[in-house]
Every structure is written in C-alpha cells, then in structure tokens.
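Please go over the structures that come below.
Two complexes follow with subunit A in common, the first pairing it with subunit B and the second with subunit C.
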Partner chain A sequence: MLRYVIRRLLQFIPTVLGTLFLLHYLTSLAIQFTGNPVRAIFGDRNPNPQVLEQMTREFGLDDRCLTRKFDPCFSLFGERLNNIFLHFDFGQSLFPQRAVTDILDDSVWYTARLALIAFLIEVFIGLGAGVLAGLRSGSFADYVVRIATVLMISIPIFVLGVLARQFIGVWFGNIVRNDWGAPDWLGRGVFGAAYKPEYPWLSLLVPGIVLGSLTIATTARLTRSSLLENLRADYVRTAKSKGLAPKRVIGVHTLRNSLIPVVTALGLSLGAYLSGAVVTEGIFRVPGVGFTILTAVTRGEASVLLGITTFLVLVYLTVNLLVDMLYAVLDPRIRYE
Partner chain B sequence: MRGNSPMKVAVAATAIALFATGCQKTETPPATSGGGILRINVVEPNSLIAGTSNDNPSIIIIKQLYAGLVEYDAKTSAPKNVVAQSIESTDNKVWTIKLKKGFKFSNGEETNADSFINAWNWTAYGPNAALNSEFLGSIEGWDDLQSEDPDKDGPLKAPDPKSKTMSGLKKLDDYSFQVTLAKAFVGFPAVVGYSGFYPMAKGCIDDVKACKEKPITNGRYKMESSWKHNVEVKLLRNDDYPGEKAKNGGLYYKIYDKVDTAYADYEAGELDVMEAVPPTKYKDAKSKFADVLFEKPNNSFTYLGFPLYLPQFQNVQVRQAISLAIDRQTIIDSIFDGRFSAAQGVVSPNFQGFRPNICDNCKYDPAKAKSLLDAAGGWKGGKLILWGNAGQQHEKWLQPLGDMLKKNLGIDYELKVDLQFVEYQQATNGKKVTGAFRLGWGPDYPVLETYLFPLYGTKGSSNNPGYSNAQFDALVEQGNAAKSLEEGIKFYQQAEDIIVKDVPVAPLWFGKTTNVYSKNVVEYKYNPISGSEFHEIALKG
Partner chain C sequence: MSDTIIGQTEPTLPGLAPEPLRERNASLWADARRDLIRNPTFVIAAVYVLIVASMATVPQLWTRIHYRTCELTNAQGLPNAKLPMFSPGHWLGTSEVGCDYWSLSVYGARPSMLIAVMSTFGIVAIGLPLGVLAGYFGGWLDAVISRLVDIVFALPFLLVGLVVLSIIKVTDPNQRIWTVTLFLVLLGWTTVARIMRGSVISVKNLDFVMAAKALGASHGRLMFRHILPNAIAPVFVIATVALGGFVATEATLTFLGVGLQAPAASWGIMISSHQPLINDYPHLVLIPCALLIGTVLSFVLIGDALRDALDPKLR
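On to the complex of A and B.
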C-alpha cells in the first residue's frame, strides 16, 4: 500500500507541470490574439503609449513572445516556474494589484466553508434519503425521494440559486425580519439574501444547500440503487439464513458494500465544490475560489489563473488519492501493490 | 448505520446547533460616533490610493477618505475650495496655490504643500505605474518622469527616468506652492478636483504596500479597519475634520460583484443606498420603490463615430443624413425602458455651459435626412458596417438603429460585434475601423473642454474618427487661455457648435443615474458631478 501511495504522489508532479504548461500556453494565446489586457484598465480613453508600456512592464507582460501568435513562450514559462517553485511567487493580479498567494489565501476560506456545509448536507440528507428509499423500496417515502431528486436534478443551479435567493432571502426573509421580529442571526443570517461577514457560517447555509442540491439528489439516487442491488445479493440471503440480526446484516455488511460507488461520488463532489461553485458564489456574493477564477478569466489575468488552477489540481489529485485509498478500507478484496 | 438512526439525527442537529451558536458573530458592530452607518453597494475597487485609481468604485470611496484642493458644488458644478484657500493665476499657465491649515492625516501628519507635491510627483513617476499618471501630464516636466524601453520588448531593461520630480512644481512655503502648466488652461482649478490630484501622506509614500490595504487619509471619513477584499470597506466619520463634518456616523461599503445580488440585498433591507439599479430590475424598481427612486441624466456619453479616413464618410452631408435618420428616443424607450436621455449636444447636461437643443442634427427628421443624402450624391459605401464591442449586448440597439438607416435612407447594414474590448479599442484607436463605431466617453473634470478637445481636437488623445478642424482647435485654445471660466465657456460653446454641425460623430445619448434608497434615509442628496453625496445623507432614529 505504501508503495502505491508513493507512486501516486510521484504522479502528481508530471500532472501539475503539464497543467501549468497547458494553462500558460492557453493564456499566452489569449493575450496574443486579443491584445494586451493592461489596455482594458484604461476603459474608454486611449492611454499614453509610454504609460501603457510602463504598466505592461510592471505586470511582467512585456515579453515580446506575447505579440507573436502561437509562440509557446518558453522563456516566460521558465520564468514562471522559477518564481513558483523557488520563490513561491505566483505573480500578481492586475486589478486590484495583489499577490496571487494573498488572493488564494483569502478566497479559499470562503469556499472551504461553503464546501463543508454543502458536503455535510450532502452526506447527511443525501445518504439518509437514499438509505431510507432503498430500505423502504416501493413505499411512500421512496416515491417522495425519487420525485424530489428528479426535480432537484432537472432544475439548473442558476435558476435554483436565484429562486432561493429571491424567495428565501428576500420574500420569506422580509417576513421573518419584519413581521415576526426574529432575532438578528435568524433574520439576517440564515434568511439573508447574500453572504454576510457578520455571520460567516449562518449566511452560507442557504447557498450551501443550493450548491449541494445537485449532488444531494445524485447521492440519494446512487445510494438507493446501490443499496437495492446489494440487498438482492446472495451473501445477504446467506447472512439472514445464518441467523444474523437484520440490523447487523444491513448495517454492517450491505451498507459497507453499497457505499463504494457513493464514496467515489462524494469525493468527486468535494473537489467540484472547491473549484466550481462559480454560479452559487456569484449569486450569493461569496468571494471564494470560483468567483476569483471567473473574474480572472473575464479580465484575462494569467497569473491568477495559473496560481488558482495549480491549487485546484493539487486538491483534485489529493481527493482522488484519498478516495482510492478508502476503497481498500471498504472492500477487503481490493488491495494495492 | 441505518436510515434515520437517532445517532445520525443527533449528530446533525448538534452540528447545526454548534454552527448557530458558536460561530455566530465574529465582529461586533463598529463603535459609531452617533449618526448611524449608511450602507452602500459598490463593486470591488482597484485601489484606495488616489493616484492609482481611475475606476468609479475606487473613486466613490476615495472621495470620502481624502480632502483635495477643491470639490464640486452640487447646484452649479463649479469648484469650491476645500484644502485650497486660493488657486490663482494671471496667465492661466502659472498657478499659485495657497492652502488652509488644519487638515491632518490619520497618522498625525499635516496636509501641506509637500503632501500635494509629493503625491503628484509619485503619481507621475512612470515606474510607479499609477493609472492617473497621465492627468499630471498637463504639468511641465512630466516627460522627465517617464522612461522608454530603448529596444521595445527586447532584453535591455528600460533606464530609470531622468527625474523623480516635475520641474513645473515649486514649493513656495509650507502652505503654498506654484504649478506651471505646459499649456495655459483656464479650467485648472476645476481639474484639480479630480481624485487623481488628492494629497498623499509621507507615511503612505514610504510604505505603499501597507497603505494600499489601510490607506492614510485626511478626509471626512477614515478607515475603520483594513479593506476586506471582495467583501467590504468600512469607514468611520472623522471627528477631527476641520471642514463641514459628515452627517452620519460612518459609511459601510458592501462589495458586490453582481449588481443583481446587490439589488436582492437592498430588497432584503441590507442597503441604505443602492446605486445603479440593474436594467433588468428597472421596471420592478419603478413600480415597487417609486417613492425612493432617484433618477437624473448623468455624464456618460455614447456616440456613433464615423471613420473620416474612409472616403464614404468624408462628405459632411452624408454624416448629417445618418445622424438625422436615427430616432434616438424610440430606441431609448423601446430597448432601454427610457433609462437614457437623448443627446442634445455633445456635452453633459449637468455641466456649466450646457445649452439644451443646440444640435439640429441630433433630431429625428427622416425627410431632411433623405434630401441631404440625395444632395450628397447618395451612399457610396456599399454595406454599412456597424461596430460595437462584444459582451455588452450592443446588438440590441445597433440593430434597430441599422433598421432605421435602411428604412429612411435605403442604406444596407451589417453588425460587427465580435471583438473584445481590448481588440476593439486597438481597432478604433488604430484607425482600422471599416464602418461606423459605437464608443462611450466620460468626463474627467467638470469643464466643457473635457468633452471637446480629447475627442475632436487634432491632437486629442481619443480622437478616433480622425477629425481635424483648425477653427475648432483655435476656439478650444482661446477658451483655455480665457481670463475666467465664464469667458472660456463662451469659446467652448462656439467649438461645440462646430461639432454638432460637422458631426464627426453622431451623438446618441447620455446615461441616466438610477438609484434607490431605503426608508432609513432622511433625505437623499446627489451631486451631478461627483455622484451620491454620502456625507450629506443623514439617517433617521
């Protein structure tokens, strides 16, 4: 197992390097084709060419390779790698001027909180509903879960998010705040329309539910079908006829096997929360990683993109490794060499 | 682990309870000095150091944090002295500025002549990459603070600029200094009201990095704590301010990336002033919040430029015909819900010297348009290509505009809205446009000249049509050299008359500010030049 883990960790290196180069090439292409992003800071007025040139130099975008289309800009790449691995310097954003490491440090915590809330909701409600539906297959509870999950999967997240904000945050929230005179943490925190720094966890509850809505539904369905499949398996019949208590049969044996595909989905969804959440963060004004990526893309900020994507690649790789290792715990038949 | 086992429910409940109680408020409300906190929405600013920001969100906050030489009167738009005691000149070229005493920075420093001289030199110094550097270009000696890369993007490093101080700035004593402009300009006392000319403390220049997060300020408000990026900027009233103090206890700028989210928060009671109601919510706001809705034409100008370097646009009658064939009000009403105001000239309706209805060619007169076009010999340009930059949905109004031209003048058209802004600007600046192009303009200071020279002067920085008229240039120069602003305005008005007759661009419309405020506000105050007057807005209770 240890050799397997070390091998996987070594595989991180070419993956990260490859991603870095791909991103570097894409962002350089973008600048080569659409022009100097520093120019956009000046808006409608034409900047003095000297000022523009000086600013471009300040931001490290004055390499001549950025004017030649399709040039892979190896020297610029080498410079970037040097800065990243030797000085831990990912460069600066254009607008406002901040070190990329600062930006990442700031935004990661918002997304981490949001992701944690969404993840916990996904685990408890998603798993819970799935197990309930799987065990009581054909009952009323099962139908409720099945229909609810279909609805949640079919409504796009940006619709769900805006509806949640308007109905829960604004309409219902106003009733809670004004008509019922609820305490501040309930009225403004839980039922607020956007993230508030005064309530860093409470105001992320509704966004967390919205973010997790898609994965709650898929987790529930996956758990349900996985459980149903395992309940019909031979070993369950054997265990029951052996005389084991139903609680033990289901609780220990069946669930453990049903969880393998679910754990994969949970792991991937955690990675998705940390990186994506662009829509949810925009709707609820959470200045997290997704939001930062979106602004970086719109403004053509290569350094920010490189820095954040490197971080996300590492997150994904680590989560995948952990998920794979978890299989060995869940299923004794799986062993890694 | 089974279904809804009591264990799972208990754990979940405990977790939520822990969140609710343990992680509630991490901040107590700021200690206000009485007067309440005004909550306002804003987009993430670029920087809170005056010399480095030319974007609106930064300027909104900077204006409250710093006191400059002058600010603008809400009714007349004329400059009125703040830190300046007098700004005088005999020839409009050499200005003597005397300062009042008593304005202190938040680190204890006095605001004196050095604060301004050092700030302006710092902003102008090329390697500091301050975005407002160009505004200091009107001062003699600015060129010496710029450096040019000798081999463009090659391996040689650009040399340091020749100087760190401009020769046109001379300190006379601690509270007065002299400014020598490169060219005479009667509007200089108005220009220095722009935030790019605000002072900087020595402590800020010594440690710019720290100053960016927690600026050292001398204005009506001071920073309550550091700037929380993408979340908020909190200001508290400065009770040591020698001038008129603010009427509320502080300003709480909440940062929203999307204006829709800001509007939702306003509806949820989280904002006292909501600036820039999103276009999609305009009708909603008009019906639900009519009594707290504020609307006024603002200074942002949109025009359709004509590339005068292409033969088909060189006949003035052709240009007049096109301008007369556009029914601006119909487009504004149907596409924009009436949120803009049709242009009556090329200068802002809020500026001193604005005259209504002086642009005959801005009116809608299809018959006159057709006869002018016929007199010019008809349209010889083939398909008229209408340019707009991508991503702003300009097609929505360029299309009906093109349809009007087709109906009234028989000119066939095509839209070109695929270029992103940077490329688009490169095409318009570089005179590579193949048809009429949409562009916008905003003023830098409340003098008519800012709408005239940069856009239509032969050496204007944003003269994208490539217009050159010696008479126009001469009138602007005469205005610049006039004895007083009132006299200068007379010349500028004559210059404007030339433009509306010659139409190197077809003036389209001026924007409209649409803000809503909450019931907590006693009275909403607005300055047509500088925007909402937050320091004048008092809160109830």
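On to the complex of A and C.
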C-alpha cells in the first residue's frame, strides 16, 4: 500500500503543475488575443492610461509577455506558483481591496454546506434508487428509475434551478406561506426563493437538492449497472448454491463489491459540484464561492477569477487523489497492478 | 451412416425453387441499423433531432417572420408590448421587446446546434487519433498522451469556461460561436481519447490483427484498415451523447453571461433574459426550456439506443 501511495503522490505533482499551467496558458492566450481584461471594468468609458496601467499592475497582469501572442509566459507562471505555494497568495481583488484568500474564507463555508447537502441527497436518493432498480431489474420500479434518470441527465442544471426557484420557491412557497399559514422556518426557510442568513441550513435545502440532482442520475445508473453485473458473476452463483441466505448473498457479497466503482464516482462528483455551485448559487443567491465567481465575471475582475479557480482546481485535484487512495483501500487489485 | 448424410443434397420438389436459407450474417452495423429502426424511442428521438436540425439549417421552413422583426409598440401605441400566447399573428406571443416568440425559438436552434455539431467534430478529430496512437503504440507515447488527458480532464469544465470566456472580449455573434466552440473542443476531447484508447487496446491483440501483421501490414494499415473500423463503435455513442452535452453546456455558459450575447437568438439567452417575467409570462421561460430539454433528451436517448444496438453482448 505504501508503494502505491508514494507512486500516486509522485504522479500528483506533474498533474498539479500541468493543470495549473494549462489554466494559466488558456487565460494568457485569452488576454494575448483579445487585450487587457482590466479595460472591461471601465465599460464604455475611456480610462485614463495611468489609472489603467496602475490597476493592471495591481491585478498582476502587467507582464510584457501578455502582449505577445502564443507566449507561454513561463516567468509569470513561476511567479504565480511561488505566490500560491510559498505565500498562500491567490491574488487581489480591487473593489473592495482584499486578498482572494480572505474572500474565499468568507464564502467557502456556504459552498461547503451546499455541497454537503447535495452529497447526502446524492448518496441517499441516488444509491437507494440504483440498488432498488438493480435488485428488481425489469420491474416497475426499475422502469421508473431508468426513465427518471434519463430525464434528469437531460435537464441542464440551470433550467432545473430556474424552474425550482419559481415553482417550489415562489408558487408553492406562496401557498405554504399564505394558505397554510406554515411556521416561518418552513415557509420562508425551506420553501424560500433565495438564501436566508437566519436559516443557514434550511434555506440551502432546495438549492442543495438542485445541485445534487446533477449527479443523482449518474450515481443511480452506475449503481444499477454495477449491481446487475455483479449479480451475474460466478461468485454470487456459488454463494447462492451453497445455500447462503439471500440477504447475506446480496448484502455482504454483492453490494460490497458493486459499490466500489460507485464510491469513486461519488468522490468525483465534487468536481461537478464546483461547477454546478456557480449556477445554483447564482440562481438562489447563496453568497458562496460560486456567487463570488459570478460577481467577478460581471465586474470583469480577471485576477480574482483566476485566483479562485486555481484554488478550486487544487481542492478538486486533492479530492481526486484521496478518492484514488480510497479506491486502493477498497479494491486491493488496484494496489498490486 | 453419417457419410451418406453429408453427401446428400436436399431433395427439392420439381417446379419449386429451393427455399434459400435465410442465414443472418449481416455486419455489426447492419444489425445495429435493423435494431434501431425497430426501436420506437430511437425513431421518436431521431425525428425530434431532425426537426431541430431543420430549424437550425433552414429556419424559413418553419416561420415566415424573421426574429428581428419586432413590434415595438402595441395596438394602442404603447411602447414595449408583450403579447400573450395565441395572439393573432404571434401564436406564441412576443418576447420582452415585442419580437415574435415562435420565430425567436426557431432561430434560437441554430447557434446551439452549430456549436454542438462543430464541437463534436472537433473532439473526435483530436481525441480519435490521439486515442488510436496511445492505444496502438503504448509505451512512452501512451504515457505522454494519457498524462495529457489526465491534466485536461482535471480541469472543471464550466468553471474554466467562465474564467477563459469572460476574459475573451469578442462580441461579434459569429466569432463568439467560434470562440465557444474552440473552448469546448480544447477541454472536451479527453473522453473520446480515453474511450478510443481502451477500445483499441482491446482490439489490437485479436487474431485478425495478428494475421494482418503476419502478412506484413504496416503500422498505418493496421491502425486504420484493421483496428479502427472494429474499435470505433463506442466513439459514435460518446459523440452522440456529447452532442446533447454541448447543447446543454452552450446554454449554461450563455445563461451565465459568458457564452453568446444578447442580440443573437439562442435558447440560453431567451431563458436568462425572460427570467424576471416568469411570474406573469411563464411561457416565455418554459418554451425555450422545453426545446432545450427536448434536444438534450433526444441526443441522450439516441446515444443509449446506439449503445444497446452496437453491443454484440446484448444480442
């Protein structure tokens, strides 16, 4: 196991560097081809060249290489890596003047709560539906799960978010609030159309479900197919034929084996949450990382965007690494490859 | 006893032609085609996709009004009329600025389909050769390509899209379509390369490849004449699902404000710009949502049907 961990850690370093470089190169190319992004902050007005220059410098975008097309900007990349890994500095925001790490410190817990709710939803509903459909394949429940998952895969998350806010938050919420006279925590908390600071968990429930629905369907389908595959396997037939109780055959022998790929998928769904959070937080006005990103997009603060995204990519890569380790613990075949 | 049976021919009645033995020995693709046209889900989804594709290529077939023909004032001369559904002349009503909603919906299919089709061609054009090379040669080439795939795959798609596309200042609608496409291709080819690599590895040691190799076929001939035709089936499934995925991604990026921009007709723009009106005119949001979901759903269903039809194990 130790050898496996060391090998994975060694592979991790080039992946991190490569991913960060790709992100850096893509943004540099975008700047090289379409000009200084700081200009966008001024909109139609023509900024004073000195002000523009000073702001560009404060954003850390004043490097000459950003004016030469296709220049990989290695020196700028080295500087950024140095800032990130040695000084834990992900850049600056100008309005208000704050470090990106401070902004993240404020917003990241909202997103963490949202992701936790989404994850729990995914585990309970996704796994549950998948196991149900897999064990009773061909039954009515199986058809319902299969049709529902195909539908859910096809609905883009922003459509689901907009519809959920309107139909659950506004229309159904109004019925709950006015006609039923429901208590405040239910009417404004659970069925509100936006995040309420006084209900830090309850008002994240609907956004969390929307975010979780991004991966529920994939999890359910994966669980189902993995379970079906294992139910046909020889070792299950052996277990059955030697007279084990069906409960034990399924609970101990089949489920444990078929859940191995599902655990990996669950871990990787964090990547989907990072992207999905931008959409859900924007729609339900949750002041998390995603909302901060959207604000930075509208304000044209390229360096804030780059800083936050770099941070999120690092989080995502670390989670990937941990999931890989977990996979090796669960499935010894991986370790001895 | 057995000798005589082998030697015998089937007795045929005079005047009746011998019934030819209907042995089904069609190719994988012919079998798949037979399966698909008998699959009602596939047929319905394919018809839907054809309708949307015809909207995208020849919108004039579906509407006589151009989507930029807007009625800025209503019958009373008041500005900014939003006609409800089933108004005379505008059976889906008009948009927030008074443009015919049906023609807007029809013309909105074009950018989505254009981006989806071009991106899918792009990811196949990049991912397929890289996957074949990695799978066929293995060794250091495989290591380099696989690492590159890992790196690109590790970037969260939508997030990086927000950053890069928000920095790119291109406002011309046509150029914007190209920019979005280029971005989707750059980050999207990894799935095709992965699938192709796995598929090539599973095919390259089969007997017919060995036979061709023994006869002295070159690497190029082995790869493209022998291995590729037998390994490409999963790519068709991936590409179909990717078409739907790109339609959804384009709409999402547009909704977030970094994809296509306002005067262009696009379902994503229609949804985002009519959000504030959803209370009084819910159809303005629901119609583009339904068209979008229908398109993505059709591609997913076609992909599922293709996967089942092309999998010989399920026969």
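In this section, the second predicted complex is superposed on the first by the 283 of 337 C-alpha atoms of A that agree within 3 Å, B and C clash if a C-alpha of one lies under 4 Å from a C-alpha of the other, contacts with A are read in each partner's own complex, and residues count from 1 in each chain.
To be clear about the criterion, a residue touches a chain if its C-beta (ideal position, glycine included) is under 8 Å from a C-beta of that chain, and two chains touch if they have at least 3 such contacts.
Bear in mind that the values here come from a model prediction, so they are computed numbers and not experimental data.
Visitor: Once the structures are superposed on A, label A:R7 by its partner contacts, choosing first (subunit B), second (subunit C), both or neither.
Guide: neither
Visitor: In the superposed arrangement, does A:R335 touch subunit B (first), subunit C (second), both or neither?
Guide: neither
Visitor: In the overlaid three-chain picture, which partner chain does A:G282 touch, first (subunit B) or second (subunit C), both, or neither?
Guide: The answer is both, since A:G282 touches subunit B and subunit C.
Visitor: See if subunit A has more residues touched by subunit B or by subunit C, and give me that chain.
Guide: B
Visitor: Taking the superposition as given, does A:I250 touch the first partner, subunit B, the second, subunit C, both, or neither?
Guide: In the superposed model, A:I250 contacts subunit B only, not subunit C.
Visitor: Tell me the contact category for A:L306 with respect to subunit B and subunit C: first, second, both or neither.
Guide: In the superposition, A:L306 contacts subunit C only.
Visitor: Just checking: does A:P37 make contact with subunit B only, subunit C only, both, or neither of them? Give me first, second, both or neither.
Guide: A:P37: touches subunit B and subunit C.
Visitor: Touch check for A:V170: first (subunit B), second (subunit C), both, or neither?
Guide: It touches subunit B and subunit C both.
Visitor: Where does A:V159 make contact in the superposed view: on subunit B (first), on subunit C (second), on both, or on neither?
Guide: second
Visitor: Which positions of subunit A sit in both the subunit B and the subunit C interface?
Guide: 34-35, 37, 39-40, 162, 166, 170, 282
Visitor: List the residues on subunit B that touch subunit A in their complex, please.
Guide: Those in contact with subunit A are residues 1-4, 8, 11-12, 15, 19-20, 23-27, 44-47, 54-55, 126-127, 129, 131, 133-134, 137, 146-149, 152-154, 158, 212, 228-232, 255-258, 260-262, 264-265, 267-270, 420-423, 425-426, 429, 439-442, 454, 461-462.
Visitor: Any idea which subunit C residues touch subunit A in the complex?
Guide: Contact set of subunit C toward subunit A: 147-148, 150-152, 154-160, 162-170, 186, 244, 248, 251-252, 255-258, 271, 275, 278-279, 282, 285, 289, 292-293, 296-297, 300-301, 304.
Visitor: Touching residues of subunit A toward subunit B in the complex: what are they?
Guide: These residues of subunit A touch subunit B: 34-37, 39-48, 50-51, 53-55, 57-59, 62-64, 67, 95-98, 103, 106-107, 120, 124, 128, 131-132, 135-136, 162, 165-166, 169-170, 173-174, 177-178, 185, 188-189, 192-202, 205, 247, 250-251, 255, 282-285, 287, 291, 295.
Visitor: So in the complex, which bits of subunit A are touching subunit C?
Guide: Per the touch definition, subunit A meets subunit C at residues 14-15, 18-19, 22-23, 26-27, 30-31, 33-35, 37, 39-40, 150-151, 153-159, 162-163, 166, 170, 271, 274-276, 278-279, 282, 293-294, 297-298, 300, 302, 305-306, 309, 312-313, 316-317, 320.
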